[in-house]
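Labels run A, B, C and D following the written order; every chain starts at residue 1.
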Amino acid sequence: MPLTPLRGIFAPVTTPFAGDDIDLSAFRRNARHYATTPLAGLVVLGSNGEAPSLDDDESDALIAAAREEYPTDKWLIAGTGRESVRMTVAACRRAAALGVDAVMVRTPGFFKTRITPESLLQYYTAVADASPAPVILYNITMFTGVNLLPETAAALSRHPNVIGIKDSGGDISVISELVAQCRPGFPVLAGATTMLYASLCVGGHGATVGPGAVAPEICAGVQEAFDRGDHPEARRLQALLVPIAKLVGPKWSVAGLKVAVDAYGLTGGPPRLPLLPVPAEGVRAIHEQVAVLNRSVARSP
Amino acid sequence: MPLTPLRGIFAPVTTPFAGDDIDLSAFRRNARHYATTPLAGLVVLGSNGEAPSLDDDESDALIAAAREEYPTDKWLIAGTGRESVRMTVAACRRAAALGVDAVMVRTPGFFKTRITPESLLQYYTAVADASPAPVILYNITMFTGVNLLPETAAALSRHPNVIGIKDSGGDISVISELVAQCRPGFPVLAGATTMLYASLCVGGHGATVGPGAVAPEICAGVQEAFDRGDHPEARRLQALLVPIAKLVGPKWSVAGLKVAVDAYGLTGGPPRLPLLPVPAEGVRAIHEQVAVLNRSVARSP
Amino acid sequence: MPLTPLRGIFAPVTTPFAGDDIDLSAFRRNARHYATTPLAGLVVLGSNGEAPSLDDDESDALIAAAREEYPTDKWLIAGTGRESVRMTVAACRRAAALGVDAVMVRTPGFFKTRITPESLLQYYTAVADASPAPVILYNITMFTGVNLLPETAAALSRHPNVIGIKDSGGDISVISELVAQCRPGFPVLAGATTMLYASLCVGGHGATVGPGAVAPEICAGVQEAFDRGDHPEARRLQALLVPIAKLVGPKWSVAGLKVAVDAYGLTGGPPRLPLLPVPAEGVRAIHEQVAVLNRSVARSP
Amino acid sequence: MPLTPLRGIFAPVTTPFAGDDIDLSAFRRNARHYATTPLAGLVVLGSNGEAPSLDDDESDALIAAAREEYPTDKWLIAGTGRESVRMTVAACRRAAALGVDAVMVRTPGFFKTRITPESLLQYYTAVADASPAPVILYNITMFTGVNLLPETAAALSRHPNVIGIKDSGGDISVISELVAQCRPGFPVLAGATTMLYASLCVGGHGATVGPGAVAPEICAGVQEAFDRGDHPEARRLQALLVPIAKLVGPKWSVAGLKVAVDAYGLTGGPPRLPLLPVPAEGVRAIHEQVAVLNRSVARSP
């Protein structure tokens, strides 16, 4: 079956560890489960996959395992952003060789005071020129301290090897502007759960959000309801996602999503340092919310 | 000759490139020159060395070359900070095997919203436990978005394998607090040129600053004047450093320091993307300031 | 005629000056014009009215003039926020005596490091207890450095003398949360033009935005289209507003809105220091955009 | 006796309240006490005086009372900054008529996104032109969100009616630059207790700091020790000030200073909303620190 268009809900996959090493068999089980959900695709080695904490061998092993477990008619996307063109292109090449459908390249961020629109334009052009896999731009200012402006993204959307953008900011007008300024039909994915529904209203194409990994039916349900014009139902499902979005977003971030993945019945496990595990009361709150979501799914027709 | 105490002016060494690759022979020439200056040591693979833009093979080659060129009675320090304990320890081990005197480990920074004092304490303890080379803590909030608090640094200063700290913030009271709270005599190095003299006044032990790479005599002169109680001369030399500090700091950053290294007579060269080269008017301003500094040195007794 | 519900587009009225003094007759002409537009009401002494730059006598004169010129079946709202309960209540009392329908009270902001949710709760409760006029909460973090959280606003929405909120942040999920958490039906007005349409999608009740003062038909048209379920037309009109929103928002702010008011055919004029007049190229850009908006209005059926 | 030069330690005076009103008799007692200390002067209606929370009548009453109680050979300075030239000049005129020696004018801050170096230059020039009392510039970015750059301050230092600057930032290099760039001898006062000693090292002329109101002998002692070249003693006294500086600065701010004033034996009392009183454990910590300071003073020769 051919790959679907770049549209819908994509889940970031967390990386389970067994002691100091990655737990590949748990990772495979997780990936197999996601294949049975209404997700449009998976992102491995995203922020929620703790990509910055993994070495190249670990990264390659995870991509290879995901490719074996996940069906080829859905999107398998790998995060390959590094801090220089040389290192990013090397990661893109390895990911492409392992069979990903696209690479998601976050902005470099270390030299944040000197990363300008022009430097991002040159950077992404060089990466897209050299990457064998199609490139999805990835703007996540919260973690990088760098902002990829809609104007720059619009210019890059005309590059033949750039196929979409994920913007993780919380500003709905940025989604509007990306839709308005990028080439017509250019997929714009939101990264903030709390504005999933609003981003669809202003013309977005879907989202890559943590709750996709623990409530894929509800996330996908927001978009299905929107697509059939049922705004009240889309808003109702959207509202269900707000508490978990806070817990695995601003409140506990990656470590929280891993707890939610445990609660969902897959293997999340603890994060790597410098991330700390979620303390007991946080674990309790997350389990409660996942239970609420599970009941919502069970109840729906 | 034995290694001197960790005190004085340390210069970050920039990384020259020849096309897409590092230019090792230029790097060696630079290192040989620095050996003839009053610097107390060199830092390779620091922020000004564009460490985040270099892959592991390049990093190792630079350390090895520096070790061959630089005398063993002065400090050769390598930046080895990565985003996880696993990756940082691996870098520390490789650097130690190549003969560095110490490693400088910047705080991890990607997951900035969830990096707490406790996570930094655990992170650095794990790194210091495992690193074969002594560890210098490195706090550079401007680039990482993370702040290593004096309280945490003070606790870490009691670890037997932690031998100093570089703090690149501009807040003199942080230097005061580090001096007051860390174990007695723990070396505290400033990273902001503009407060070199003031940091000595409040008990600091020196500095690792970009202008050390293009005005080592003046930087060292500030500390020599201070040490002999000649405050007016220390202030006079400090004032000479302010214009270049701005040009290679907030104004043009790493790319600016590389231009200054060219102007100084060594090989700086262009930076790697995402850093852009300094435009012509910036180059002119930097060359003028380096000329001013050269004349100051020539004139002094 | 009775007052309409608190819903729709409200325009902030700018304050014209004649030399060092306010120009009351120009202000009256402006107010008379706005009475003929589809605006639901006016806000005098808002941020765009340069309220912080006006003394109490000037403030009172403007309110009195607006009350005389503007019909009583539309909302006349006056900004009365000061930095303490004593001063704010005094301003509320004077505005009420002059006949306003409501007061809009921005968060205090000077002591931003010590203004907590609890202090805002106590502050607004004290103001609402004492104000003879109904209170609209006003959160404008960009100018105050203080953020009124949805939780706090929700608690205040149960106060019998608090009748609505204007939130000028750009985060659509804040509008969603205000709608979800405040008492049912509590009017939530957006303050960011660029998310006018999106705020309606998530349940908002309208907006108080600068472009309302120079493109009232288009702003009101967004809401009318939304109300009749014509999302494509709402999005089309929303898109028309983006360029002017940037010019009178982030780009030139209050001084820019005053230029736009001139271009619209009313009296804007220069701002008071510390605001500077818009330079010539900015004036040109603003005039062009207002002309575009005028043609759009002229063309519509 | 003639007024001393603008040099030394100046204390901000807090404003005691009796219920909803200012407590003038307590304020007078406080002022009389300060006259017996080594302070070089008092600042009434500063940030620590809760100036933004006081109306004009209250402000005038406080100035008049201070003038009656405080000797004319020491500096009586009143904060008169408002948000526009018109309002600030009016406040300067009233303060001058009541006999202050100088006015301290903080930068306007409401329209922070549009307050530029040029607008501050025009603003302060207009104020200094019109103020009958000499003007001290006041930069307090923490509260205003606006930064008066050294370059702008340097230009203003040439205005005949501008006689000094207080900079409350924590960056020692700003103090250095102010000293270097302003007209020779222009008084530069620090506003951050933690860098009092360092600011003297780099050429500053003193400080206006909260702890001056509860530990005037120790604050003045730092400067006296520095003046006679006794750096170790200056550093020792400086170190004594750090804990109280944190408590009445970042930790509890104005409300904390008022508790410290109570502990010192004068009348502090609770702040006005939106400031909340310090909770019990904070009160305890502040009383303990003031006791430590009192013992230090009692012990010294």
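Following the convention adopted for this analysis, a residue touches a chain if its C-beta (ideal position, glycine included) is under 8 Å from a C-beta of that chain, and two chains touch if they have at least 3 such contacts.
Model, not experiment: these values are computed from the prediction.
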Exercise. Taking each chain's centre as the mean of its Cα atoms, which chain lies farthest from chain A?
Worked result: D
Problem set entry | Euclidean distance of C-alpha centroids - chain A vs chain C, Å | 37
For this session: For chain B and chain C, let me know how many angstrom lie between their CA-based centres, rounded off.
Result: 50
Exercise. Counting only residues that touch at least 2 other chains, which ones in chain C make the list?
Worked result: none
Problem set entry | Chains grouped in pairs wherever the two touch, ordered by label | A-B, A-C, B-D, C-D
Seminar exercise, completed: As the complex stands, chain A meets chain B at residues 20, 47, 50, 52-55, 83-87, 90, 107-116, 118-120, 122-123, 126, 142-145, 250, 252-255, 272-276
Problem set entry | Complex contacts: residues of chain D adjacent to chain B | 170-173, 176-177, 180, 192, 194-195, 197-198, 201-203, 231, 235, 238-239, 242
